[in-house]
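Letters A, B, C and D mark the chains as written, and numbering starts fresh at 1 in each.
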């Protein structure tokens, strides 16, 4: 079941999605971390961040909305306090990073490249760019290109760029981060959304809006993943609403080389294990030996009658 | 409960969403059409359209994906065969229109303006622009502006422009259709999505991708409606995932002056009636006499603890 | 306005597994639920819940009016998520049911040979049709012959009910564990020449592959044949345009028609098999 | 690795309405389910379904080990969609339960006055805590006093169980239909001066407004007080960072801590009331 993501070999295509698996500790009693394809940790910034005021989450129809606000201890504390736990395991560790300026991205990438036990970086470009008036890095092809290129310039680690779905043309963004040197592309991050408590006429979240995740967004994620797979040549990692093996298989079949499991971990902390088992069972049943017999084998000629 | 949408008075803010209520006939045995704020009919094109091959729909998590392909009898047959049925009722009839060229939009608008019994036009700009290489009218602010202006130039009817959510900056599109003369703005249309039959490794839809609708998209719709309400001065009509009165109230509270009920009609053909009753009950319970006491009254200062 | 269109609550009184993944559900409905014509169907969902999201279409298997209550039976196969959830419902669960949808089978009171072909759970509407002929058509010259197919003897459904209505019930099983060893279509094909086309009439319901095979067999034997088609449905009553199939139109033209409204019963010769 | 963390199936044996919108559910769990400490909670969802989507947090109301089975009771109020669906479940429904989550109440075996204050369904963890003191702490000098508040006599929950554990149970009702006429906090306030701060200890659970009022009362009476807070949760075990509340940090600093992990039990003086 192994796959190669931009030079990094994973024992299977199932990773955790950033922000839904902490730094691994909370799941150690539910899952065998050694069995994971990779652990993608909660997003790390240059300096510690407190995150947003509560309430931060709300259930949505078949999903949830969050405005955690990227709470994290900062890159230094991550390396000293959090990374050692993950180093105990035989698992690829991918560190999700984000900054408010291009320079911040570079400095975090640089700090992580010095550290030991990190196998790849995932660059979250769905956050507001303070230099450019708070506009999102991931919605402008040129800025996305620049961030990618700069991060690449300071690290020898494989660089995965994680795309925001809140754009008109995801293919264009994918193209530009590939041109910027991305070794792989992951998508999608959450879709902007909100909800309202009608009895009190107040938003459910203190920050009013947040990011929608979970099964509700799966059809959107799958469509965007297919679009990006058709557009770029680097490996694509599918994320969005994966709850079980069947959901993961949808992404692999449209051409993702790996998947990330996010919100599902909250609902079923053993979700990743169930998904790995389920993909194995599917491949056996369909007599497939290699992931290549599965990935990108969608038969588009015939919709199912 | 009456509201004014760009000069058109509706007896209440609850309309049907285009493509989910046919031309009214199928619902006559389930709902009292006279009680509706307005009927928005299935999209009408210049010439008849067969629509897409089957399968055209698939259930999605808390929603559905469709690729009906805008099947309709064309503007002429609409006026002679479908409109007379609706004219029997004391209800505002809003005709949803779409074209493949700007000229087509104008010709349909012109033909409908000649007809009797139509109260407003809703311009669907979520369709591919064949002149501009199939790119969507609704994703380019300039083209969106142009379509709006041209339709306005041939009709005295109020013109509602219906926005596609598949864009980076919905506020920008809203701005430009307002500048083009739109009397009101409705949103959102469906979000692009797809799903895969993993056992057969085929897309569920013959056209592979389709439009996601239903509760799954409600948080996204609500967030975009709030954004557009903040951006423009014309009335905004909220659409997306409204199943019951509480959902409708969320849109009104964030500032929509009216709502459209789509997919819910399939699941519960009496949904519009239940929603009207529910809004009435809510207003009584909260001692509100006028829709103005409700619309746009979100208290953003305090998220709910 | 169509007096036969309703949206009504029904309460499950029985919901039990018959064999393998096949279940029989009885729903009691306290209000007026008109007697369905054979081939008509209902859209069913679990009231107050949204998982599954869309209603599911089911044919009527049996209908009884007792006192002021109606008892409707649905014979169904667990085919996916929605039917699995349905199968887990207990007595007392409330369903929301809309109906009566669809264009029914045409009934021919004067035919001599009425031939019924059912594959798998396609037996549900066929069985209801057979009862209809038996109860309403009093034509002593009419022979009702049924061809019933299943995977194995253990998968046979509704045989008893069919025997009560039909002159003969020919069974086929894929593994030969009961009746003819092979597909039901081949069991029928062995006899097809014996039916005079102008006095015979076929009704068929089952998997698309079965119906397609019947259409091939009938190339040589022009017996009129009505088939019940299935297609994914969102509304069931003609509004969404989601359930279309391609049929032959005037001349060389093809057109899309709605299975829920123009169908689910079609003349087999009109259908364009994908 | 924490041996107390599990993800396990439980079967509903009883799920009945007590009064108004309050229900009592008993779940039997066939496997090892360790005895919860007072204040700990479980995350519960309907197995195999996604409506509601997230699991819901509930305190333990009662716990019994019988033979090789564990019976857990949850006392809950129908507060929204998720609890409504829970209340509609029948005997035999399977739940997926994760636990044991949260930092428990600190137990002080040598206190003289243990004061329990419960509002509404907050009685669930308070009652479990009272039983814990009664069963495990054998201190004859200790007095367990409980203040229990509800809307009216008809809304009182768990009085019997509390009377078995406590030396006294003071009841307050908003409408005066039983006990003190007014808020439970005011009933407590009337007696607060009688408790020597250094030999007393308060545990409180109920609506945020109640807890906030207690913190005000305690400005003048520095009795240690532990409160159980509620917050929306996605995971319940520390991973999502969704359930934070603001607490006082070092100096003037505020910081966000997770109710599910650093809580749900907090020192009342650390909490910053919104």
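Everything below uses one rule, namely that a residue touches a chain if its C-beta (ideal position, glycine included) is under 8 Å from a C-beta of that chain, and two chains touch if they have at least 3 such contacts.
This structure is a prediction, so every number in the text was calculated from the model and none was measured.
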item	value
Set of chains whose contacts include both chain C and chain A	B, D
Chain whose average C-alpha position is farthest from chain D's own	C
Centroid distance [mean C-alpha coordinates] between chain C and chain B, Å	36
CA centroid of chain B to CA centroid of chain D, Å	47
Chain A-chain B separation of Cα centroids, rounded to whole Å	33
Residues of chain C engaged with two or more neighbouring chains	50-51
Per-residue multi-chain contacts in chain A, two or more chains	53-55, 60-63, 214-215, 305
Parts of chain C lying in touch with chain B, wherever the complex brings them together	1-3, 5, 7, 45, 50-55, 82, 96, 98, 231-235, 237-246, 255-256
Complex contact set, residues of chain A against chain B	53-55, 60-63, 65, 139, 166-169, 191-198, 200-209, 212, 214-220, 222-223, 226, 241, 246, 249-250, 253-254, 282, 297-300, 302-305
Residue ranges of chain A touching chain D (in the complex, touch as defined)	19-22, 25-30, 42, 50-51, 53-64, 66, 68, 71, 214-215, 243, 263, 265-270
Footprint of chain C on chain D - complex, ascending	49-51, 85, 90, 92
